Amino acid sequence: AAGKTLEEGVLTVATGNPAYYPWVIDNAPESGQGYEAAVAYAIAAAMGFDGDHVTWTRTSFDEAIQPGPKDFDINMQQFSITPERQEMVDFSAPYYSSAMAVLTTQAVVDAGAEATLDSLKDLVWGAAAGTTAAPVLEQTIAPAKSPMLYGDNADVTAAMQANQIDAALFDLPTALYLAAVMLENGVVLGQFPAEQAEDPDQFGALMEKGSALKPCVDMAIAAIAEDGTLAGIEAEWLQDATGVPVVQ
Amino acid sequence: MTDKAVPSGPTRRALYEARIRRRSALIATLSTALVLAAIIILVPMAPGWEAVKKSFFNGPVLAKTFPGLLNAFLMDVAIFAWCAPLIAVLALVIALCRDVRAPALFPLRLFGALYTDIFRGLPVVLVIYLIGFGVPGLGLPRPWNSPYIWGSLALILIYSAYVAEVIRSGIESIHQSQRAASASLGMSDADTMRFVILPQALRNVVPSNMNLFIALQKDVALLSFIGPVEIFRQAGVYKSLMANFTPYVGAAVIFLALTIPATRYADYLMARQRRRRG
Amino acid sequence: MTDKAVPSGPTRRALYEARIRRRSALIATLSTALVLAAIIILVPMAPGWEAVKKSFFNGPVLAKTFPGLLNAFLMDVAIFAWCAPLIAVLALVIALCRDVRAPALFPLRLFGALYTDIFRGLPVVLVIYLIGFGVPGLGLPRPWNSPYIWGSLALILIYSAYVAEVIRSGIESIHQSQRAASASLGMSDADTMRFVILPQALRNVVPSNMNLFIALQKDVALLSFIGPVEIFRQAGVYKSLMANFTPYVGAAVIFLALTIPATRYADYLMARQRRRRG
Amino acid sequence: MSFLSLRSVTKSFAENQVCKGIDLEVEKGQMVCLIGASGSGKSTLLRCINLLEPIDEGAILLEGTDIAEPGLDPRPVRERIGIVFQSYNLFPHMSAMENVMLAPRRVHRKTRAQLKAPVEALFARFGLAERMHHYPDQLSGGQQQRVAIIRALAMQPQIMLFDEITSALDPELVGEVLDVLRQLHAEGMTMILATHEMGFARELADKVCFLDAGRILEEGPPEQLFAAPQQERTRAFLSRIL
Amino acid sequence: MSFLSLRSVTKSFAENQVCKGIDLEVEKGQMVCLIGASGSGKSTLLRCINLLEPIDEGAILLEGTDIAEPGLDPRPVRERIGIVFQSYNLFPHMSAMENVMLAPRRVHRKTRAQLKAPVEALFARFGLAERMHHYPDQLSGGQQQRVAIIRALAMQPQIMLFDEITSALDPELVGEVLDVLRQLHAEGMTMILATHEMGFARELADKVCFLDAGRILEEGPPEQLFAAPQQERTRAFLSRIL
């Protein structure tokens, strides 16, 4: 990767502001704690950057997908790879295949919500506007009331805490984290497993369109996938999701 | 003696002016055409133009998203429609509060002053976030926690502070002599306000308020930050789906179609008022 | 004859008014105290109060986040500081464009009119998104794609349209007779504008522009949507980290500390101007 | 006892004492003219009588009762004392008719129907029958001033105060308004008139008072005051004006 | 050949013909007074002579050259013709001195240093030496009007137009300004003066023109015009005004 990074000899990795558990622990990616933080250091290592030569920066979701030159070499904040986005930016090979999951609160469950499409249709839905959750919501659940859309995860949880929405669609790890930590009485009601989806939600590291770094990153990801590093990181940082029922 | 001179054909000045007008029109047309031509020919020659065009002026994307945008714009219109009258009423109340003289009602004056100071001092987004997420977060039951209600309330609070100040300035702009004239007829203060001052004050502030309501129509877009999918959010969704900024341009066009005529009309009212006073 | 009567002690009216004033002050104090007491005692008795307090008025959270917020507010101040002068200059240019009479310069007038119409017609967020995300996306190299540059440009474009209109209205408010007086002395149009009209026009529009610059200071917060971590974004970050709205309240306090005095001063200038004219 | 009497009325604006102990007796049906230089306090005195300005010291007796007692509700008094200002102060958003009817409707609680006949009669009497439904800005200055007079008269006051009601008018329109005053005088209305129209004062006034720097320097019937002013100042003033 | 002569000048505002063929001869050093009712076209005529309004037909000859030729640059002409308006039109943001110096500095490209002596002399001549550095709103109406005259004179015009320059002044201030005109007349300045001050017209004018509805109905030396007006209208007008 020599000569292809923003700053010679240093890999600049972007994450969200703030970055959320379990992707980054304590909003401090420098620690290497958290799934994406760990993956980033693993990729960097596979590309030949040691830990001291990884610097972090922050971008919003919109900033990351805007076309044009970037302030980072790679950006990891649960970007779903979609063909439309690939028109404007480059994605690495996927480093995680996520299930979509339904985040809700105990009160909604008590009120009779179940992990069935029929039951889910009648809830008031929310999602983060910039993510693929919004279209997935329309396609798979097609709620009766048009969903509310928000700028970021924090706003979605705020709305759910305010009882303005019943449920929201997130990738599973995010949903699990939000349910456990951010949301009082949060519950992950069900999931749409990645294996069953026709085009599963896969996270890739985002790069500038035509980035020279892409082959290196792809190789690095392939390498860490192959040698089991990736699986190890997943086991360490992402909860076992088998407890979450599959939506019928 | 017939004083009304019948103009016998065009005068020397009329002829000269017609000539000048023709020449000016010619020059203006030519220079405008030149500039336009330069823009039309040169801009597409710029290196980034293809990218710009694809990203901002993408015909197919526009065609696909425009109906959705228009539809979402109805939401803006609806929010505006229910906020505007409430703002007008609340603003009038606040303005009257600030005009209250009786010492027992001093808390009202204080309230009015605090109210206008605070809500004019805060950024609109901040208030929308605070009220739109904050208040419902206190455990209100549905449907009383709707972001439509609280988001609208945020707009109403802010804009009524501005409108109240405008109304108050209108009240103060009515010359003291009108109050004196009314008082000298034995009218009470309340009657004076209601029949003499307010009707004139409100008429005077129509243009300023028109400008505020245009601003309100635009700030409705900020409600999207707490959930309602109005045109700005809808454009954002399309943008992130298609990674293309054309939907924003579409939204801009929709706004302009509404706000340019409205702004022009407000300007016209303002200018007319200034002329009348000047 | 000594006309200046030496007031020999308080007059009957003075005594009466002093009595009334004392009574009014008493009533006002009492009623204010009552209302305040009611608020202080009753509000905390409301069922949701504990939740509200924890969520909105959380002392420890405020203490922890306030320094960070203040620090982020420096960014707002900095953005304001570089935008304001550019806005002033651009607005003056646009206002003069719209006043141009020569037919060859008609494109300038057209440009001025289009410019003000478009940028006054669009919501600020929309322009910030369009320019702040759109333009850099066209393949500008760093550092020329910085959101600071393009976000600021968006603010400059919008606000200069408003300020230009205000300046133009100032120019138009200068009575025709000033131009006539200047012309009658043999002065050229350019000199008339520069030495006679503009100095008066600009002085007249200070209060209106002051209000616009206060609004600008608040709209700087909208730049956060395209990246710059100014106070609003910083508050949002704290909010999502701590799941607590107190940082927003903190940001509100910081804004109010700046905007209330400024707004008050602008109001005062406005009122003084109105009195002078009235 | 006079109908209206002022007893050493004083009035200050902040440090500036504008009325410095004014005594004045006005009999029923009398027309009293106040003359004096600009700033001598004529307007202030009239506004004090109407209670638009509170006085500092002294008393204003209307039929023997002190109406200037601090704290008294001024409204019943104002119903009895009409005032017309130099700048007509019509309500610009109402037609002439509505201007006139407003106070009787709100204060005397009369209906439009009750008021129609008497108000129309007033308009007719002062030659404005055709202009009743016009708005102030559709009326000439003289017409506006007459409407202002009608508006005050519609409250059926016992005394009318006029403050330089012709000085904002073109010379050609002054006549119309003075005619109204002549008519009122003939009908026995008690009136106090601040004016610069010496000719009119001379013709109609029962008493002329010369105000100077907040004092009534000289008063008397017009024949006497204009022909043989006692005071040096009065002479100087009259020589400048006439 | 006269110094200034108007040849059947006509001027309309839209449908409203305000000057209906005006002929006027002004000799060097003459003072010509225009009198006439409000709206008769006096101001318009003066503004036409100064080229502030383009005329429709006719010619305005200044020393034999037609200055009203359409398309001509009016600026050199305006330097030769000074005008002073009823509402003084001083520049409120400049001191009296700066008001006077502005045009010579910008148009004649003189420096402040060059201008200082002559301008101070002008101020001194018209009794304003102490007021030079005051701003217009610190000056009385009469003083403002004198500054306006000084401002026009500083451009060293050959002819001066005055448009009712005393009518916005209190009677007591009128004298100051008329003194200035007397002085100018004595020095041989050519002047045209629209005025309602008949006394002044009678005293100083070399020729008085009576304008009525856009025509010069009658003209002549003041003794003749005031004493024995030929026309019915002139008589009616004079009887109303005097």
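Observations, loosely collected:
Every chain is named by a letter (A, B, C, D and E) in the order it is written, and numbering of its residues begins at 1.
Simple rule for what comes next: a residue touches a chain if its C-beta (ideal position, glycine included) is under 8 Å from a C-beta of that chain, and two chains touch if they have at least 3 such contacts.
Because the structure is a prediction, the values reported are computed rather than measured.
Common neighbours of subunit D and subunit E under the contact rule above are B, C.
The interface with the greater count of contacting C-beta pairs, when C-E is set against B-E, is C-E. Centres computed as Cα averages put subunit B at a distance of 47 Å from subunit D.
Between the Cα centres of subunit A and subunit C there is a gap of 40 Å. Averaged Cα coordinates give subunit B a centre that lies 16 Å from the centre of subunit C. Within subunit C, contacts with two or more other chains are made by residues 129, 133-134, 137-139, 236. The set of subunit E residues that touch two or more partner chains is empty. Touching two or more other chains at once are residues 62, 67, 88, 151, 158, 161 of subunit A. Those residues of subunit B whose C-beta lies close enough to touch subunit A in the complex are 51, 55, 133, 136-137, 139-142, 145-147, 224-229, 233, 236-237, 240-244. Taken together, the subunit E residues at the contact with subunit C in this complex read 47, 50, 52, 74-76, 78-79, 82-83, 85, 87, 89-93, 102-103, 106-107, 151-152, 155. On the side of subunit A, the complex with subunit B involves touching residues 61-62, 65, 67, 82, 84-85, 87-89, 126, 129-131, 134-135, 146-151, 155, 158-159, 161-165.
Subunit C makes touch with subunit D in their complex at residues 3-5, 7, 11-14, 16-17, 20.
Residues 10, 12, 17, 20, 54-57, 70-71, 213-214 of subunit E are the ones that touch subunit B when the two sit in their complex.
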